[in-house]
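Structures follow.
Each of the next two complexes has chain A plus one other chain: chain B in the first, chain C in the second.
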Partner chain A sequence: MKKRQMFLRMITASLMRRRSRMLVALLSIAIGATILSGLVTIYYDVPRQMGAQFRSYGANMIFVPADTAFTEQDVRQGAAVIQAADLVGIAPYRYENVRINGIPVVAAGTDMQGAQAASPYWHVDGAWPAKDGELMVGAKVAESFRLKVGGEIELSYTPETRTQEELKTVQDQTCTYQITGILDTGGSEEEYVYMSLPDLAKLTVDDGKVDVAELSVSGGAEQLEKYIEQINAAVPAVTARTVKRVTASETTVLTKLQALVLLVTIVVLALTMICVATTMTAVVAERRREIGLRKAIGASDKSIVGEFLGENLLLGLLGGIIGSLLGFIFAQQVSIHVFSSSISFRLWIVPVTILVSIAVTGLASLLPIRSATEVDPALVLKGE
Partner chain B sequence: MSLLELKNVYKIYGELHALDNVNFTVEKGEWVSIMGPSGSGKSTMMNIIGCMDKPSKGEVLLDGVDIAKESAKNLTAIRRDKIGLIFQQFHLVNYLTAVENVMLAQYYHSMPDEKEALEALERVGLAGRAKHLPSQLSGGEQQRVCVARALINTPEIILADEPTGNLDEKNEEIVVDLFHKLHDEGTTLIVVTHDPEVAEVAQRRIVLRDGKITKSVVNENFTGKIRFS
Partner chain C sequence: MFLRMIRGTLLRQWKKMLMIAFTIALGASLASAMLSVMLDVEDKVNQELKTYGANITVVPKAASVLNELYEVEGGEASGAYLAEGELGKIKTIFWAFNIVDYAPFVNVNAALDDGSTVKTVGSWFNHHMELPTGEQLDAGITSLRSWWEIVQGAWLDEQKEGDDADVCMIGTALAKKLGKSAGDTLHLTGSESDRSLRIVGIYDAGGDEDDQIYAPLNTVQALDGLDGKIDSIEVSALTTPDNELAEKAAKDPGSLTVSQYETWYCTAYASAICWQIQEVITDSVASPVRQVADSEGAILEKTKLLMILITILSLIGAALGICNLVTASVMERSSEIGLMKAIGAQNGAVSGLVLTEICMTAVIGGVVGFFAGFGFAQIIGHTVFGSSITMRPVVIPIVAILVILVTLAGSIPAIRMLLRLRPAEVLHGGR
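After this line comes the complex of A and B, so read on.
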């Protein structure tokens, strides 16, 4: 039998046949590894989870015209730069002054589905317009004109290009629409009338112009800046910008949350080390006679260190394996209960957890193992 | 040259002289017992001869080497290579089986060999208990495993500290019979005991009192094949 085989036989026998003792040590390592693995998983998943949460607060990127205006084609071209998975919603807007009963109101033409996705916090009393001839009105407009869901409304439009002469002779464009919903946002959106872009084009007899586009894009601030750089380079008619109010607060919250998770991870690692060191000190104290016996029959300090370190590293390995699996379950539960979505398994966290677990156990064992080498066989083996 | 020679050995703790000018020799193949009451210095002498302690003064020559001048590292090597230890409390590793406990001594000495370890257990009549843990063995059986572990590396000296102190009469007889066998095979035995019956079967009996050798008695009836009775 080779020495290495005997070494393995001894350390596995020590772990397997002294189960109750080693279980305490294994438990503390496994708990530490579980929290480490869970928190690291959460740490790396927080931007995705929080990004999804932040997206419910509306657009974080806008397209404005580089010159005077841009087209829907430019919006599509700009949006194509963004990866489909990152693009939560895109809403192009065209604003025109229209009149209701001769009183001017701003009409916004948009893609209703896109607006719904980009601004999920909008509350619509009734339904979003789904087909031509339907519109929704802002709460303030509805209040001013006493409009109700299901009612009809006539909008008139006077092109800005008309001369004074034409204004006297040519009649305004008018169209009648059915009101499907009343928009309640608590913001300036309540002062507008919303209809589809084709409906607005029909009313204004002018097609394809877009004043601004609002985009909701998932990903961190860095990713957003990259997209903006690429869009500005690829689509000259468009100037893309971040909505600073949203992205800055998103970055701040994410940074603080990640720092908190990191801090907790460090504290947990330190506590694990203290726990393992305490357990190992108790184990060494309990095994003083065995250590004395080993030294008496010829074990060098190096052998004693090797055997104890071997046992502890094996414990670290086992604790790391258990912890990395339990950690994923822990992170999954946190994600489901806090963010209401499942977490993706990151394979690389398994070896990292195992290695950190081994390293922490090794470090925590150094002092107790050192004290093991100081055991005096003559003292501990003294007859009774 | 004697295998072991103690010259003017003192062990002093403050005012206490645990060993006080001790001189004696042990020849190769000799069986010597050291006896005396509690506090006479037996354990101190056992620790010094067993290279687990150093004298305050004097020379302890083992195979011509003064172990009093050796470093702790060298003393470990001497223990490993030249001395087989037997303890009153057996001191077996409780999570290793009987054969693994014997192999432990091989592991630190040279190379573990399960076959040889099993043969050693067979010599002490424990071949059938090789896979048992110490907790599954009786006191006598544990002491026989301890003997097998002590002899596995064929040491120069087997040093036994109260080897029968925790045994009943039957097991005491078995262990002493084993010592006879080992002695017949040429092993040098030093047995520290306070039991006169165990001490008297040795070739020579040294009596310690207050750290001094008060008596050295040669067993005139020792034939080399003497039985314990």
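After this line comes the complex of A and C, so read on.
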């Protein structure tokens, strides 16, 4: 008991008395620990955060009818299999041939909010349709019919089931809509007219059927395959497929990005840890005189090594705690600035950071202490 | 005398000095490696994002308005085409260097022997071009459709087969429907001629292409007598993310002032490259594919920002690390400084001596570290991207200034603190 008290007193006294020097050592350990915990946190969060960025490429999964047709109900049922947090957006589409001034155009009915989330790259001049009776037209449709935002158009629809006889006598169903926006994507979407599903049902036939659904799901290729298996098993009316172009390319690029962050982390960590080690070595080497003096008044090598180690391990512990806190703050700042979302806190990084800091400080101080204890105290004290 | 003292310190205390130089070298290598990687990361990631395929499509002016609308009705395509002979010009525009890959497309509805029609697409697979500039380029859909999975056989290669060879690739869905496998032949009848094509490979594209036939450009042109005509061109170009200027220009380049126009024209915005392509290809409309072009911009920006922040962290780490060690090593020399003061040295002389010693060590360490860091950057470049990182001259002054500043910042406070001490106390060992 007494011995332990003495040990503690010596360590704390030494830390207190040599404040400035110990502060230097502590600072250096804390920097190392900050970089360690910060970078490791970022490394583990990069796939998730970057994956979310890749959702700007739009849908990576589509639902097509397993048979000939399916309903919006089936689509929602299929989407329910996917965890809510992973589902970025879902947009069911129903396509019908309609006419503007007698010229055929494809009208697509969809859930506007879902389409906006699933295809973030859609560029709308004006606004997305929000109310009944509003629609947006593709840029090419707008160009060929000279349509402007704010204008009105009349769409007409001829049911496919009509016989030749009826075609002559029965009037087409028509509705007038207000154009709220012009869609610019650089793809085939520019040739369509977009409106809400209920609006399209009003113009055509209300049978609740949809042709295809686009889903934007966050998660790697493996996760997607798992979801697809589950959906195909759970909802027989739906066949889910990945959009290979998006998923395959995402895997390639994301793997490279993660490898980049991993290598950078390794290089930075290795160099920083060596830096911490040399600083610790310098701080301990300075105390050769003290070691010599203690040996001269009869301290055993073991007790000297134990005491110095204890002191440095305490520093390592303190530095590790400060570092893991600062590291998390850094990672959080990075996440907010780069990805504008907060980072997920991983508890295991804290003990790992503390253990690594203790190990590095311990190893770095052990060598100079050893070499100091091996020297004849008389020589050390003389200053040679 | 000054020189002799410095030489003396360096020779006698070489072990300590070596350690300082080593730490400074580590810090400098960290700084130079991270700066090199950071400055190059945009180019590298941009290259990687090319796996998403073309980001610009070029179609004939007439077709862009009407053709595709009428096609909905199943009518014949209207007669506007681009000229195959002008394809080489794409590589002569201002941003020719940024054009990574491109391929022309011609679509024909060909009849199979059982009477059904199949969409047959003619394109380049691995087309070799001798450019007017003397450069050589291999372009085609082998790289523009990198996500296609070859289920059977191999990619068609017209460099091996010849430009209008009777070969083709077909999609998995079609192969299943027809019961064909690689090596079989397929008889196609177009409006002008008919041909028997050998199936070189079967691909799985995960989309509409799975029901189509892909064959060399000239082969498909011959089917419908469309010699020298193409329907569209897909271009994959390295672009700069759009900003306000680019958006304004994309709407109407005429609305820009002369200097704005020049800035826009001489920046690799997707809209500027489109504009330049329209200038060289007669009667064409080039437009960015938003799905690819916009997403690329977003991801590039995020990656760059991430790397900048990591670089800043490691620069701070390197700076504090060096600073710390220098402080520690100066403090260690308290008795030496005390002794010098005791025998009458001026404060200025003492600080000059210590600073010169440390700075010399720093320069040596910094130079070694810079090259080591460049080596680390190359390791990262080769492991991750399979290509080397460009050496940027701007890294040298940044690292040099960083090392010098940090060394001075680390040693001056320590020296000042030691100078304030009374020599007798120091020598006595009171501190």
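Structural remarks
The rule is simple: the second predicted complex is superposed on the first by the 338 of 384 C-alpha atoms of A that agree within 3 Å, B and C clash if a C-alpha of one lies under 4 Å from a C-alpha of the other, contacts with A are read in each partner's own complex, and residues count from 1 in each chain.
FYI, a contact is a pair of C-beta atoms (placed from the backbone, for glycine too) under 8 Å apart; a residue touches a chain by one contact, two chains touch by 3 or more.
Predicted model only: the values in this text are computed from it and were never measured.
For chain A, the partner with contacts to more residues, out of chain B and chain C, is C. Once the two complexes are laid over each other on the shared chain, residue contacts for A:9 go to chain B alone; chain C is not touched. Once the two complexes are overlaid on the shared chain, A:191 sits against chain C while remaining clear of chain B. Of the two partner chains, both chain B and chain C are touched by A:289.
By the touch criterion defined above, A:58 lies against chain C but remains apart from chain B after alignment on the C-alpha atoms of chain A. Within the superposed three-chain model, A:297 lies in touch with chain B and out of touch with chain C [touch as defined at top].
After overlaying the two complexes on the shared chain, residue contacts for A:69 are found with neither chain B nor chain C. In the superposed model, A:352 lies in contact with neither chain B nor chain C. The contact surfaces that chain B and chain C form on chain A in the two complexes overlap at residues 289, 383. By the touch criterion stated above, chain B contacts chain A in their complex at residues 43, 47, 50, 52-53, 73, 76-77, 79-81, 85, 87-89, 91, 93-96, 100, 103-105, 107-109, 111-114, 133, 149, 161-162, 165.
Residues 1-3, 5-7, 9-10, 13-14, 17-18, 289-290, 292-300, 303, 376-378, 381-384 of chain A are the ones touching chain B in the complex. Residues of chain C that touch chain A in their complex: 16, 19, 22-23, 26-27, 29-30, 33-34, 37, 41, 45, 48-49, 51-53, 57, 64-66, 68-69, 72-73, 146-149, 204-207, 287-295, 298-299, 302-303, 305-307, 309-310, 313-314, 316-318, 320-322, 324-325, 327-329, 331-332, 335, 376, 379-380, 383-385, 417, 429. By the touch criterion stated above, chain A contacts chain C in their complex at residues 20-21, 24-25, 27-28, 31-32, 34-35, 38-39, 42, 46, 50, 53-54, 56-58, 97, 103-106, 119, 121-123, 140-141, 143-144, 184-188, 191, 241-246, 248-249, 252-253, 256-257, 259-261, 263-264, 267-268, 271-272, 274-276, 278-279, 281-283, 285-286, 289, 330, 333-334, 337-339, 383.
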